[in-house]
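Heads up, the thing below is written out as structure tokens.
Read from first to last, the chains carry the letters A, B, C and D; within each, the first residue is number 1.
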């Protein structure tokens, strides 16, 4: 839909973008004593804004638009919340709130008032990250999205090496360098786009793009740059050590949310910028890489000895599912992509994986805190020490395996249905094989956690509120399984004008 | 051939050269420098677009020029962060050359 | 919302709530003592709520529970066995480490297995089926020995494979349905005309056949059933395999004649019935022999369903259900009884063995036992052809296997055993009684056949001669030296694959290490960008 | 005729670029890169983008070069140079990169005609903002959101750099910038240049409203002066926990956001300015931003805290 004018209540979108940024600056300028309080106040306010946006979008059935400074695109920049954005905003806010509750235990400000590094850095970057994510969900300008991606990278990288150990520093540097390589490819693509069409506005480009070499190269560079940031196989070199090395609260956010932003951008590029109908072989290539990601990295997850590394590899595998949507949507008989089962399944997979993976990483963090290590083979006694956490892990695992009644089940069922409908048998086979592999690696952990504790193993007590935060995320991942099995009208809001 | 086209080809070459360094250099400092080379080439693409879009009494389209300014600053911040990281690794006693011992950085399988 | 509906809902809700309550340490530590009450609502529902239904969530979710005749029959039997085995477990496993964990897996398996009999929509069926399959892993691998762990791994791998078959089959089946998550009834009604009918049918038969142990997908059963603790073996062999039976009953389009598919199922079933006997007689472990007997019996059930599918014979579902119910109770009683025999000293041993002998031969259709009724009930479905002959001969096979079992059982005893604890005797007695009396009580309602005819001389003779033949065969076999076949027979072929799989895993790990080298990843980045651009350009 | 000059320029640039990548010594590579930065700012002049040329010279070549040089100095005694991998890898990567270069060149050689441009749109609305430098108008009005977010990027980058301090040193001073033995010239320059430099910096910011120049260029010059003073040992870097320093960093972005939000009441909404006050507001924001940028750039060059905070 063209962003012609600001819609009523559009100011909320600005708030969604600016609240966390203001919170971050406040922490920076006021010092640590207030960091946690500022962060939590911002979390509450931001959650309220996200919910308000979602409700408003749902009520009006229209996308919300805000023209920054009143300047209309292509000259100005528009923020827009369509159904997809609204869902993503709420998802982000809820997950960050849960992580916020969780992190109180590990990143509390010291009582004596002296500023310490970890809480200061964590809370300020945590808010910076939120700003970046909301920007990625809302911006409709390719260059603003570039800035959003950079915001994201700059907030995420230092979180990886918060511990300051050699391994994490090294992981963070790899992450930074590869992410920058991705960014620069993306930026190159936007430059070519501007050279060809004289605008960065997605809605304007939607009507302009031609299937010529300049556009193809631009899109190719941008999409592959984003793939590097989403860690799709075989560009996943940075993810496992980075996500496994970060503190649990940070890993959860990185794996659940940060890798999703580049994927959502790819979706927008593919369905809103690329000339339609998009190239079938290119869609098959993306899905092929997704399938390889699923199979290859699931096997890798299965072979990890450390819990957090296993979860990190599982993230790469699960991101693979998202890339299956391209041929599924293109081959479907639905009138518009957003009315197809494949699209809905893809988005649902994104959301349910976000909740499940956040819960899993947080649970892994608590298990490691309770037992003092995260070696999968020696997790015995975990179920006795932190039963709620292990239950949360198992529930989240249910979603990853794609078993009912979890959200991941509905998502995979929709993708499977779409694969059968479009006769993409290899995709159907991959989805099923991925489910089997996921079940195997999840069961390996749960089975080990249920075993008896070895003699003389001590455990550390964990605050109940933190366990409950994890459980809440896992329960949401499961509750998503009670969505009906059909394309959701909500996700198509704001896309009426697009063929 | 206009100067813009000539510099455009130069930009393409800069990207290729930078990419070569980014892929092959084993030390992070040289990777960062290579990244900046690619960035410079990329910014020039915007410059070409700006120059070609000269109109309305402007000698270049100011919009891509403004974007380049933003881009240069972001690239600087990235460089500073990467350098700070690699220096910290040095302090922590980790070799900043990536790869050995767990992952030798050559191509032989 | 009716009382019947609520009772049906309670039959899955209570065990589920009990499983959840195990998060609470005070309950968890005592959960094993309460296992007996978990299936009681289901038992009541089977007796009182037949024909009831409840919509747990309205369309478009359409989560629906309903109790039809065949569901009620199996639900009742399963609930009874669950209750008895639960009581048995409380006594049998007292003081064992990890009892609380056992209780959690038990309750989850129970929830799923009972759910299979009462759910009416496709998603819920898949849910219940998965819960039953996957939670049973905890029962299989409970002992923690190397043998149990291997059994658990094999079980899990095949269960997951089965899940995948079924899910894909469901998707193909539902693709013609107008909305998401149709009722099973509606989806199956569309089945005969569905565009993907044949592949869907093949997948469903594979998936459910795996659960029932159709050869060669039976390999997990002789491994998994014997390693579980005695009450769990009873539940696995008696009840969990019935999830496959109810799956076929629900999803085969039994009202449409599909001769090709029917014949396939008959062939696979009868082959399984004889194959399992042949391997079973070479086994030396009591429980393994029972597991092979289950494989054999499930082969018969599959053949029954196949015969019904060939001709669209009315009442097939009920007849197959009736046969399955008989097996459920008898096999449960046999497994529980093995524990009783082991704990019984010479004084009461003869009595216990006698009961076990009748139970065992009941599986072969010993006249006047419930087994004879079951065989009698399904006989007309096979008609007069070759299949009928083989179906009858399968009783001879069962006789051989059961005599082998009884001989092994006679030699099994714990040293110093005297009087078995009451806690394991009465549950066994209850199930044994139900196994004798239950099928008689419901025969008329379930099969619409005249009960008196089953007691006629003709029927008696028809039941007796295969047993005689079996006895002769068994005597003959004792002279031969039988080869030693490992448990799970053809699974040893898969064991040869283990190094291959391990090597493949190593290769993946090496490839990952290579791909994650910076220059390789960098070149991938550039190469993919170029490749994608070319495809985008060329493809549009 | 002029094309020959351009061609010569291109050859120079490519030489620097190749040298940057292939030089054995990392210091040579950095110097080649700095030279390249200067050459590129000439190219930007050729492309009639004076604002970009200034930024490239100040930030792209200058500040980035300084950061890289300092890194070299720290790495030199400790770590050996890395070697490019074997010939096989070089050929493979070379072919691939050449392919990407050719693909890009193909796009350059087939430009869209007529060249698309937003210049007319920029020109059409310049009056509503009241400034005469179109780039500043784009940066602070049409695309003000990007500019604002990019300031947030800078602050996050600074936090990222600071985050690398060891726990013990958190809040302390960064490693001293002071040269081992400041030469007389350096000290002299550090005494003489700053007043001039500050003047130039302020002028660039002020001037940027209507002529080429602006916050970054001005801010960078200010930062350079500050660093010069530190390097000559005439001043100490502040402790990173000092709240006054923190507020200097935050003041620019904070004022920008505040002005933006004030737009909800005073003008048409976020980041719009009341027409009659547009110019003074923008200039005020630019001044604050320049100040923050100067401090941030200086601190990013200085690096994370390297001493324990004083009691």
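Following the convention adopted for this analysis, a residue touches a chain if its C-beta (ideal position, glycine included) is under 8 Å from a C-beta of that chain, and two chains touch if they have at least 3 such contacts.
Here the structure is a predicted model, which is why all the values come from computation and not from measurement.
Undergrad: Looking at mean CA positions, which chain is nearest the middle of everything shown?
TA: A
Undergrad: Which interface, named by its two chains, has the most contact pairs?
TA: B-D
Undergrad: Whole-Å distance, chain A centre to chain C centre, using C-alpha means?
TA: Distance between chain centres: 41 Å.
Undergrad: Using mean CA coordinates as chain centres, what's the chain B-chain D distance in Å?
TA: Spacing between the chain centres: roughly 14 Å.
Undergrad: How big is the gap, in whole Å, between where the Cα atoms of chain B centre and where those of chain C centre?
TA: Centre separation, chain B to chain C: 63 Å.
Undergrad: So the centre of each chain is just the mean of its C-alpha atoms; given that, what is the distance between chain A and chain B in Å?
TA: 27
Undergrad: Using the touch definition from the top, which residues of chain B touch two or more other chains?
TA: Answer for chain B, listing residues that touch two or more other chains: 15, 19, 22-24, 26, 32, 43, 45, 48-49, 52-53, 61, 63, 67, 70, 74, 77-78, 81, 85-86, 88, 96, 98, 105-107.
Undergrad: Which residues of chain A are in contact with two or more other chains?
TA: Counting only residues that touch two or more other chains, chain A contributes 75, 143, 147, 150, 154, 157-158, 161, 164, 169, 174, 181, 188, 192, 194-195, 198, 213, 217.
Undergrad: Hey, what residues on chain C touch two or more of the other chains?
TA: Chain C, residues with two or more chain partners: 516-520, 522-523, 526, 529-530, 533.
Undergrad: Which residues of chain D touch chain B in their complex?
TA: 2-3, 6-7, 10, 13-14, 17-18, 20-21, 26, 29-30, 33, 36-37, 40, 43-44, 46-49, 51-52, 55-56, 59-60, 63-64, 67-68, 70-72, 74-75, 78-79, 81-86, 88-90, 92-94, 96-98, 100-102, 104-105, 108-109, 111, 115-120, 122-124, 134-135, 137-139, 142-143, 146-147, 150, 153-154, 157, 160-161, 164, 166, 214, 216, 297, 300-301, 303-304
Undergrad: If you look only at chain B, which of its residues touch chain A in the complex?
TA: Contacts found on chain B: 15, 22, 28, 31-32, 35, 38-39, 41-43, 45-46, 48-49, 52-53, 61, 63-64, 67, 70-71, 74, 77-78, 81-82, 85-86, 88-89, 92-94, 96, 98.
Undergrad: What part of chain C is in contact with chain B in the complex they form?
TA: Residue positions touching the partner: 510, 513-514, 516-520, 522-523, 526.
Undergrad: Which of the residues in chain A end up touching chain B in this complex?
TA: 75, 143, 146-147, 150, 153-154, 157-158, 161, 164-166, 169-170, 172-174, 176-177, 180-181, 183-184, 187-188, 191-192, 194-195, 198
Undergrad: Sort out for me which residues of chain B touch chain C in the complex.
TA: Per the touch definition, chain B meets chain C at residues 19, 22-24, 26, 98-99, 103-107, 109.
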